[in-house]
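Order of writing sets the chain letters: A, B, C and D. Residues in each chain are counted from 1.
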Amino acid sequence: MTSLESDIAHLLAGSMVLVSFLLLYQDRMFALLNFFAIHACVLAFSVGWQAYLQRAPHLFITALIALLFKGVIIPVALHRIVVRLGIHRTIEAVVSIGPTILLGIALVGLSIIVMLPVTQAEGAFVREDLAFALSVVLLGFLMMITRRNAVSQVIGFMSLENGLVLAATGARGMPLVVEISVGFSILIAFLVVGIFLFRIRERFDTVDLQALDMSRGETSGESA
Amino acid sequence: MEHLGGLIHRMPITAVCFLAGCVAISALPPFNGFVSEWLTFQGILLSPQLPQWIPRLLVPAVGATLACSAALAAACFVKAFGMTFLGRPRGAAASGAHETDRWSQCAMLLFAVLCLAAGTLPGFVMDALAPVMQMILGARLAPQSTQPLLRIAPIDPARSAYNGALVLVMILVAAAATALIVRRFASHALRRSAIWDCGFPDASPATQYTPGSFAQPIRRVFGSTVFRAREHVAMPKPGDPGTARLHVDLHDTLWEALYLPVIRFIDSVTVRVNRLQFLTIRRYLTLVFSALVLLLIIVGVWR
Amino acid sequence: MRLNWLTQFAQIIVVLALAPLLTGVTRKIRSRLLRRRGASIAQPYCDLLKLIRKEVVVAENASWLFRAAPYVIFATTWVAAALVPTFAMGLPLGAAADMIVIVALLGTARFMLALAGLDVGTSFGGIGSSREMMFASLAEPAMLMAVFTLSLFAGSTELSSISSFMLGPHAGLNISLALALVALIIVAIGENARIPVDNPATHLELTMVHEAMILEYSGRHLAVIEAAASVKLLLYLSVIGCVFIPWGTAMAGANPIAYVIGFASYLLKLLLLGFLLSVFETAIAKMRVFRVPDFLGVALMLGLLGTMLLFVSKVPR
Amino acid sequence: MILDLGSAALRAVLLVPSCGAIVLAAIPNYRLSAALNVALCALTLASAGILYGHRPDPSLYLVVDDLNTVFLIVGALVGFSTSVFSAGYIAHELKTRRLKSRDLRFYHAMYQLLMFAMNLALVANNIGLMWVAIELATLTTVVMVGIYRTNAALEAAWKYFILGSVGIALALFGTILVYLAAEEHLGQGMTAMAWDHLVPRSAAFDPALLNLSFVFLLLGYGTKVGLAPVHAWLPDAHAEGPTPISAVLSGLLLNVALFALLRFKLIMAGNPRVLSPGPMMVTMGLVSLVFAGFMIYRRRDIKRMFAYSSIEHMGIITLAFGLGGPLASFAGLLHMAMHSLTKSAIFFGVGYVSQLEGTQQIADIRGLTQSQPLLGWLLVVAVAAIAGLPPFGVFTSEFLLVTSTFARVPWLAILLGLGLIIAFSAIALRLHGLAFGETDKRHRLPAWRLAPMALHLAIVAVAGIYLPATVITWFRHVASLLG
């Protein structure tokens, strides 16, 4: 492939990391949803570009899924859920934004470090691409654990999964990518539906109105 | 034992066998317990010839301990037999007791007889056990059953010898002779009467010495250090008809020294670890995340 | 050989015959020291005869053990005494049993006595037995330690060989021996229910130990037990005598003169030791029961110390 | 001919449960569906048994080799006896109105689907396919854990779901990395994902990628295995779901996830230049063992307690495989089989107990050997077995493991022994209260319902006393494969 093509792929992958950072930066619910939509769209473009590069038409399906399902349906659905369940519009963070960003940068550095020893035989393209994908995954994970709000946690998970799709498409000629993306879409659907069904307002672990911390089978820790 | 007593009247055979057992285990001649104790003492008396110094210093202490334990065993079994079989019944169960069946009696008698036999003819037992010594130590005592008049002399007759059979015979002869002489010269008049009650008639069996009170002197002498035994007596005020209470608390020193610390440790650890059961999902995710980052760092550092 | 058996037999009779006399002598000396006239030396014999003639009163719930015990006690004590060389060495029975056996035989006697005390089921018997066993739990080890010291010193556990070793050239003044002697004396005082451990003459209920055990006995039983007690005293004194004052004792198979000398010297030893005992008894006051363990504990410690010293110092033959 | 039989069996192993799931979803009558469920499992078991004898040639998607036949047969056996157990169990649940017949329809369909997913994961020759299968298994178990719709159940399911999906995501990333490592040598496409191509060629792969991938796989599939510190879903899922599912989870799903780990360990082992997976697995195994041992002490819920014991044993097995070497791997394999059988037997017993006593609180359960002698004693035997007392198979494997560890890494053996003792005494402490003591309760339970339990325990006892030579050679061969 020409350097231009690879540069474009590179650019797209890098921009995903950027958007992940922007996701981390948000503290308003709807803005977060919009940025996630952007995240998904960038993913869709990147996947589409890969499809074009690898002459792999089936990847277009993945791109399409990313675009429609994650770029449109999920954000809209979440938007409505937020409205319906009256979830706080502000995202309460465990670690405040600044430190989170620093952590994120550290994670990106880590992912680059661990990717360094990978041999060059693949061509510069895959290595950086992988590093970016790994960073996106880690950033998504970071988002899941630093945001208390259920919706933002879901979005963290989805951005993590975007990173996976990025990696999967980056790996040339990898079979089952479509199936995998479909499987993940099912997972996410479960997640969203679950949030809706269980009326999870604020956190993953407060299902329904009353907090379930008391009923983890055991009543809190003391002597048995 | 607090509820037994006087069984010797209702269970004579059991009493005899139990008595034989008590005498044997208290290491008293002419029973078998004494033979083994005697042999051990002989061994201890040989030990100054040991080349090493530490055991040479240790062995006499061991001997003293053994002597002490033998004497304490005697005390213990005086209590065991005396409180169970002698005196007056302390409870309904004891006063209604009856002798066991023939088979149990046979079993007990058999072992009582064995105890006496092993005590009086120790030579044969020692020779029977010699091959085991041969196997373990690669050495054995000179055959004992060939010694004159059934005696045993493990090292050298001039040094020390024991003749269980002869001792038994002498005791029997002496006892018989005494009995005969007394029968011959003494008056045969014998009258059954009440216990000498010191001016308080028909004292109830509760006034007998109980096992606890029997053990009290030894408890005070030894137990106060070994078991940290403490006695608290709560006396009612003069004129107060309430009961006086004696409360004894004993501590199992070994248990408290060895096992309690372990238990405490495990308790504290479990209490701490147990918090992990009650985290929120986000915290669990944090666990996963930190594990992931840790491993990544390891991989990153590893070259 | 026959001579040996003869001496052995004579000795068996002698210990029996002399025992009450010794008791009488000590009593006499004590009362003299107390500025009393005191009963005649033969009084114990008379007491025994009197008791033998009297009717026996046995409690209703006394068992066979109660009536058999006196004979066992007496027999074991007597046998033990018969094993101690009194006026002549080389006793045939001495080869059958050594000092450890003697200690153990006394232990058997004590065992039976304690049981007899418990048999009737009065609190006196209980007091007596429990205290007796408590004393024994210290006195017996102390005695054994003393025995260890002696036998390590003499290289044998048999009294006659120990005694002859004492006569021999290798014996000399030795700190261990002194310790053993003191231990033996303390044990002898304790075991024979003498002041300061116990008072043989008392019937003051809460202080008595030996008397409490035999409180229920009367008539011939009591006589036998008393006889056993005096034989026991004789035994201890003759042990001390034959080990620490071995001079004069007749060697095995010596000529009759030697035997006469031996007998005379034996009487002298008994007299001396009895005198010392009475002096000691009159000089000291009785202790509280729970100070006795300290007293006997001292004996145990001394015996152990003696043994230790021997273990460390010289390697015996 | 033989080949045909083998491939037929292979198809059966996959088709029987999948079609069965569809059929069961359609049957309203729960008795019928329960019976059918048993029949299907029996069929699966039979075909799995055939697979031991006749191996079809590996295709790009499916493969049958010594390694997965072990797991396949053990899994099918546990699945079968669990279906028998659940037939009796759910009837009671229906009677006590904890479940409605609509739920049961769903339940049975899901049960078969789970069987299908796990068999697929086992026979898959393709790492992607295996990943999909395990995700499917996770999802089915998630919905089954939540089936009671109590707050606790929903929350347990939810927790399981979240942690499980994160685990899945990590595993997928690892899988992608493995593909990348393989792709440059095996060319693009399916072959770069097929075990029988990956394992022999792994020596040439890029070590850095393999290292990275193993980290993700260890944590991803380790979540399913229930290794500390990624175990959190396991106790609650076991405690709140229906007991047959607890049995299947402990007896099968954990093993399947472990199997996946082993497959990747094979690839790692094939490459000399990689950071060896052993230390990581040993560490996680040891941590899980000790941690679970301590956790058992303060448990009040009986099912949760045995769930922690599952974590503990998974830790032991992981440690064994991580230690490697013929003896340790053999011990790990044996322990895996023994643990599945014993633990599922225990869950059968615990299920009955909690039904009869109407509680899962250990404090409220007393004197089972009096209230239900047969069940009580079977439970005692089972717990003795799981605690690692002779003469049961669990003891054999633990003994083998400890000895081989002593031979190679003494200090590790000491830690291992300590962990074993801690866990053992925790279990023993609880058992006494459960099984013995006075109680006035009396329960009747038809003997046939205890048959599965008895069967498992019998196998475990026999295995402890005498292992057939064929089994030994078979396991030894697998162990040699595992290196």
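Everything below uses one rule, namely that a residue touches a chain if its C-beta (ideal position, glycine included) is under 8 Å from a C-beta of that chain, and two chains touch if they have at least 3 such contacts.
Just so we're clear, the structure is a prediction, and the values are computed from it rather than from any experiment.
Touch-path distance (fewest steps) from subunit C to subunit D is 2. If you average the CA atoms of subunit B and of subunit C, the two centres end up 27 Å from each other.
Centre-to-centre spacing of subunit A and subunit D amounts to 31 Å, using the average Cα coordinate of each chain. Averaged C-alpha coordinates give centres for subunit B and subunit D that are 52 Å from one another. Between subunit A and subunit B, the centres computed from C-alpha atoms are 75 Å apart.
Residue positions of subunit C touching 2 or more other chains: none. Shown for subunit D are the residues that touch two or more other chains, namely 158-159, 162, 166, 212, 235, 297-298.
Those residues of subunit B in touch with two or more other chains are numbered 271, 274, 277, 281, 285, 292, 296, 299. By the definition given earlier, chain contacts exist for A-B, A-D, B-C, B-D. Listed in rising order, the residues of subunit B touching subunit D in the complex are 266-267, 269-271, 273-274, 276-277, 279, 281, 284-285, 287-288, 291-292, 295-296, 298-299, 302. Contact residues of subunit B toward subunit C in the complex are 5-6, 8-9, 12, 19, 23, 26-29, 34, 37-38, 41-42, 44-45, 47-49, 56-57, 59-61, 63-64, 67-68, 70-72, 74-75, 78-79, 81-83, 86-88, 149, 151, 157-163, 166-167, 170-172, 174-175, 178-179, 182, 185-187, 189-198, 203, 205, 207-209, 213-218, 220-222.
By the touch criterion stated above, subunit D contacts subunit A in their complex at residues 126, 128-129, 131-132, 135, 139, 151-152, 154-156, 158-159, 161-162, 165-166, 168-169, 172-173, 176-177, 179-180, 183-184, 188-190, 192-193, 206-209, 212, 235-236, 239-240, 297-301, 304, 360, 362-363. Residues 114-119, 121-122, 126, 130, 133-134, 137, 141, 144, 157, 160-161, 163-164, 167-168, 171-176, 179-180, 183-184, 186-187, 190-191, 194, 198, 204-205, 207-208, 210, 212, 215-218, 221, 223-224 of subunit A are the ones that touch subunit D when the two sit in their complex.
On the side of subunit C, the complex with subunit B involves touching residues 52-61, 63-65, 71-72, 74-76, 78-79, 82, 93, 95-98, 100-101, 104-105, 107-108, 110-111, 114-115, 118-127, 129-131, 133-134, 136-141, 144-145, 148, 151-152, 155-158, 161, 205, 215-216, 219-220, 223-224, 289-290, 293, 300, 303-304, 307-308, 310-312, 314-316.
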